[in-house]
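In the part that follows, the structures are each spelled out as structure tokens.
One chain, subunit A, links the two complexes that follow: it is found with subunit B in the first and with subunit C in the second.
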Partner chain A sequence: MSAALACDGLTIRFGAFTALSAVSLSFAPRQIHAVCGQNGAGKTTFARACAGLLAPSAGTIQIGGNPLRGGHVKDARAAGVELVHQSFALPPSFTIAEAMEFGLTGKRGAVFTRRGLQARWRGHLEALGVDAKPSTRIRDLPVETQQAVEIARALAGDARVLILDEPTAVLAPAAAEALFERLKRLRDSGVTVLIILHKIREVLAVADTVSVLRGGKLVAGPDDAASLTAARIATAIIGHSPAPAGDSAETAEDIGALVGTDLPHGHRHTLTGPRSVAALTGVTTRPGADGQSLQNITLTVGAGEILGIAGVEGNGQRPLVEALAGLVPLTEGSVTLDGATVTDLPLAERRKRGLRIIPFERNTEGLSLSSPLWENFAARSLLAKSALSLIDPAALRRAAHKAFQSWDVRFTSVDNPARSLSGGNAQKVILSREMDAEAKLIILAQPTRGLDLGATAFVWQAMRETRDRGLGLILISSDLDELFDISDRLIVLQGGRIAGQFAPPYDLGRVGSAMVGEH
Partner chain B sequence: MRARLLAIIRAIAFIALALILCGIIFEASGFSAPDMFSAILDGAFLSDGALIHDLRWACPLFVSATGVVVAFRCGYFNVGTQGQFYLGGVGATVAVALLPGLPAVIVTLVAILAGIGFGALWAFWPGWLRIRSGTDEVITTLMGNFIAGLLLVWVTSGPLKDPSGSGQVTSSPPVPLAIRLSTDTGVSVWILALTVLVGVVTWVLVNRTAFGVLGGLAGRNPVMVTWQGARLSRLGLGAFLFSGATAGLAGAMEVLGPDGRLVSGFSPAHGFTAVLIALVANLSVSGSVIVALFFGGLASASLYLPVIAGLPSAAIDMVNAAIALFITSRAMPGWLRLPRRNRS
Partner chain C sequence: MMDLIVAVLRTGTPMIYVAMAGVLAQRAGVWNLGLEGLMITGACASAVIAEQTGSVALGLLGAVGFCVLLSALLWLVIEKLKANPIIAGLGLTGLGLGGTDFGIQAVYGSEGAVTAPAGIPTLGPAFGPFGVLDALVLAMPVMVFGVWFACRRTRFGLRLTASGEHPFAARSVGADPARMRLIALLLGGVLAGLGGAELSLGGLDIFSVGMTAGRGFMAFSAVIFGAGHPVGATFAALFFALVEFLGIKAQLVFGEHAPRDFVLMLPYIATVLGIWISARLRGGALLSAIEMRDG
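Presenting the complex of A and B:
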């Protein structure tokens, strides 16, 4: 039986940088193959090369035994290889049917009727179990359905190898489970699935074989997933690089949370004092554009405390951050920060009082991707000054350089645009800006989403250190493992209300039923 | 540094492409392209007094272009330079008309300030609409140009009309010589000093103030600076007012300098060319100096061509238009390809 996809000595260089170095492996047909590794390990490069988007600098790729001309995506398509990108590629203004027909195939010229198109694709969507009308526009779909449509689009032709690049990065845990079920059904119907993942728990949940990339080299695999343990995969991914700083007990627990095993959770933190750094009292907001609002929220965050906010996404997490930031008007209630009422103060004033925010959307709300790194870093300190005050760009560049170094950001020059960084490094830039010495309350909204193991552990360590310095932290996450591991206290938001408060050790069953509104 | 080099190469490439396109059209319409270009070169830079003429046009163009640089960097596409320029001219003329008998220095100063104020005012209302209700500033500032043009016709044929004036073009009475910034050649120490001052102030504003850095960030990603606590409305209004003020100053410089009076429909391509300068210079203040000298040369050549060389001055309009075509095409600087409707 020939391999569904095989590569031999596959090497990809970008200038002087070698992204993939002599990777040789072969994937058996009708299986789900996971490829994992840290950010920068070469996972996405590997996926793109297999899909014909990148031409190998050396080595070959074979699909079903036939060599693939590198860099020719049409050849790869013709051979039945389809890639679902990390960020979605369907035009948002198209209906599903239009996107399926024209979205990526580039077909043009043919006369069509809307009804004909919809009829053609309705059956295809139903066969794949995608629950959406073909007349719906892409932009109106929830993210998991968009992804399902992307997959359906990829399978519209005669795809035999489906490659997914970090498909779970954008999904809530339940949606990830649904995706895995979908992929297993595809496998059973004869499709070979190549899935790029960085969460070990997800790898174990879905994969038949596991391959690990590190620094552009294949360090393990493809190995039978049944023969692997989470710890072994973690070791292969992290390699012999030094473990994240911090005491070993915490590191062990981090790895436990990363791999999703249930380590006993010891409540090790006892600093929580009576002093509150922030409080919301009876806060109510009008529904925003996304329909979310807050209903009579009262909560406090103590100095030296990490308050976890759990909940199904879209249940008030965003308005909660906006209410604390002063970016949404309150219809009722008040906000205090460091003992002072700030209900009517704009964000700039709240920031002066020590509020810091790591926003939900790293690439739009957290950074200006096309601006130089130093400007991204300097923004916060510049906003504390008056607009016409003179600045010294050289000094600001040096300050950014220093901060990035102490936060272990991998960058080449502070003059490079922020988009030159990988997700983990970009997040570290935001942390370096927001976790400064004057901070008092730090809100972290999904701070580890899309980050790899090493970067995730780094963020957690940074949170613990700032907590131990006596700051208050609010962690909003849809990753319950993360929340359970790190929160000193947990609040569940449901429908814009507080549906439950929990103290460690957390009971997954009780937190889970609060999240879905069963008391 | 590499980015700057790239911007320079790109600007030169755009101009080269535009010249090639124009050359083809010249040949196709029966002119000799080499003759035409050598005449343009003479008129712009090489003939006697060409450099003085170049400066005469380049100075006000540069002053207006600095305002465009600031507004565009902040993400606000104020293309109302022409209207703000006209209002500046009107403001200066009104000040001169209202202050007879005062010492010349004071009148000149007040006239300059009036020009700045009127220009800023003409940028204020589109800025206000933009910030309060998201009205597209490209539409409002563009419409403002036409309103300002008609306003100029009205004041020069009504309240500010030169009673002794004859001929087809209406204008205000001449500005008394003592109040003028420059005379014959159109360039003077005062004009140059004002231009340099504006250049230095704008350079500092863009490169050495918190406003400059935050404005640049806001222009590229307004959402990010909002989460940092910036008030976009203030930043934006500041950018609008500054760009209106510089265009107004350029208008005042024309009236108090080379033109010596407010002429209906004066310098009709000024605003368009100022925007073009800012774009070709990749929104850099120092780059705008060089580019303004280039376009100043073209402006002086457009007078030289028909008078000395007997060639149509429309050739210069074509060169300008061709450069605009290339610079605004898909290869536009990264700045301007931002999704600009993503801010509330």
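Presenting the complex of A and C:
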């Protein structure tokens, strides 16, 4: 029997960078194949090449025994290959019915009425368990439903190979399990499933075979999942990449959290002081452009504490940061920082009182990519001064140089633009700027997203050290492994409300049900 | 009342054709600031060709041809030379305004105007006050319906919209956003050419240098005011035409008492107000739409 999808010597280069290097793999039909590896291992590149979105620099891809013309999405789709993207690829203004339709090929039904279009897709959507009206707009859907729509879109035609790129990254644990059940049913109905994952726990729960990519090369697989252990997969994923530094008890749990073998349960940590560094009292905000708001949020962050904020993305995480930063007006409630009420103070004043933020989007909110590194670093001190004060560029350059060295940033010159840095180094630049001596409360929004294992471990270590200096930290993450591993306390946001508060040892089932609004 | 309807239709129609060109481009992800340049090119080419050949039909054809060529040029500059679409569009507007000025001076000397031997055929006196409406005004509702249908009721339209709103999504289903933009710009060239021709051959049958006087930009504003929806943009353009008509009426009624410069400013003030209102209503959606391109 010929393979459902096979590649031979598949190599993909972006300029001088080789994202995939001579990968040869063959996937048997009617099975669930997991492809795993850490960030930057080439998983997404691999998925996109198989779907025809990227043209191989060398090597071939075969679908059902027939060669695929590289870089031709249409050909790949005609051969039955469909890709579900990590951050979904559906135009937000489309209705569900339109999103189902726009990718369809073939002459039939190219013209439609609105009602006809909805009727055309209602049955298909129901059959796949998509629980929303076909007339709902994509931007109004929660992420799980968006993903279900994207999967339904992928299955609208005659899909024989379904590729999913990190589908669990946006899902609550229960939704991930439901997704796995759905994929198993698809497999049993004859579809070959390729699933990109980075948590070993999930790999073992769903996959028939496992392949591991590291640094763009295939290091293992496809191996029968039944013959593998979590430890063996973890070794293949980590390889010789820098192991987390620090004391050994934490290191062992960090590694588990990094590759997602066993979910950490967290440790109780004694606060260095009883005082709170920040508090929200009854805070409510108006819905922003993305529809998110806060509803009656009351929370405190203690000195020497890491407060974890869990929740499915889009449930109030962004307004929480904005409320603490003074970027949205509150309709009700108050904010205190280091003992003083700052409800009506602008961000600049709050920063003077020790508020620091590692923002969600490091390349747009955290750094000015086109500006030199020293200017990015100097932004903190410059913004604290009046607009007419004189600056000393040479001194700022020296200060940046010194800070970057102590934070282990790999850079060639402080005059290089920020865009010249890799994700991990860029994040270190932000950390070096925001985790300074005058900081009191540090908000970290998805601080390790997209970072490789070494850089992730570095960020965690920096957080622990800062906490031990007596600062308060708020960690917003969609990765429960990360939250469980380093949070001293956990709050779950759901629909802009606090849906639960948890202390270690954390219980996945209870945190998970709070995330989806079950109590 | 009849006068009002007729006058608004006649003033509005050229803008509506050009606005539909803008709608197509906007849906495909190009904020086409070259509309003013396309419109004046269409107005100029149609009048000059009609004057030289004596045929209005050839004039219309020529206007369409020139505008399609210029749109293809805009596409090349944006897609192949990777220029910023806003700047490239403004460049096209400069090219249109300057090129027609230069062309007229070169061919006809310094008069700055061309008189065509005839205009686009009208209904005729048998239809009373509506008799002055010409073929392009009558075809306008059909054209708007066609654009609406193509955008909102066909898979082609969905792919066009996806190409502008989320190019990666379009690529993921095998559509080529660059190709969709080419189609949208070329179709827009046809419509903008007709809109320009209607401006010069739709009544006075004269082309004079700079006669668009910002109407292409007003058409662009109508696209924003109408949120990229064909029908919305049409009503926005009709609204701008209504304001212009009321200004002229005010001058006739109040004579000297209506300050002339202020009256002439009215349509432009309405345009600025329209943009402001739509920005208030949609809370910065315009900016995010511009940033969205290839994001």
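As a working rule, the second predicted complex is superposed on the first by the 322 of 519 C-alpha atoms of A that agree within 3 Å, B and C clash if a C-alpha of one lies under 4 Å from a C-alpha of the other, contacts with A are read in each partner's own complex, and residues count from 1 in each chain.
As a convention for this text, contacts are C-beta pairs under 8 Å (C-beta built on N, C-alpha and C of every residue); 3 or more make two chains touch, one makes a residue touch a chain.
These numbers were taken from a predicted model, which means no experiment stands behind them.
Q: So, A:E375: does it touch subunit B (first), subunit C (second), both, or neither?
A: first
Q: Decide which partner touches more residues of subunit A, taking subunit B and subunit C as the two options.
A: B
Q: Once chain A of both complexes is superposed, is A:R351 in touch with subunit B (first), subunit C (second), both, or neither?
A: first
Q: With the two structures laid over each other on chain A, which partner does A:L53 touch: subunit B (first), subunit C (second), both, or neither?
A: After superposition on chain A, A:L53 lies in contact with subunit C alone.
Q: After the superposition on A, what does A:L327 contact: first (subunit B), second (subunit C), both or neither?
A: first
Q: Using the superposition on chain A described above, determine whether A:V301 touches subunit B (first), subunit C (second), both, or neither.
A: It touches nothing on subunit B or subunit C.
Q: Which partner chains sit in contact with A:A387 here, subunit B, subunit C, both or neither? Use first/second/both/neither.
A: After superposing on A, A:A387 lies in contact with subunit B but is clear of subunit C.
Q: Would you check which partner chain A:G366 touches, where first means subunit B only, second means subunit C only, and both and neither mean what they say?
A: Touch partner of A:G366: subunit B, not subunit C.
Q: Write out the stretch or stretches of subunit A touching subunit C in their complex.
A: Per the stated touch rule, the residues are 51-53, 72-74, 77, 83, 85, 89-94, 98, 101-105, 109-114, 289.
Q: Could you pull out which subunit C residues touch subunit A in their complex?
A: Within the complex, subunit C touches subunit A at residues 153-156, 158-159, 161-162, 165-166, 168-174, 283-284, 288.
Q: Note which residues of subunit A are touching subunit B in the complex, please.
A: Residues 325, 327, 346-351, 357, 359, 361, 364-371, 375-376, 378-380, 382-383, 385-393, 396, 415 of subunit A touch subunit B in their complex.
Q: For subunit B, which residues are in contact with subunit A within the complex?
A: 3, 204-205, 207-211, 213-214, 216-217, 220-221, 223-231, 234-235, 238, 334, 338
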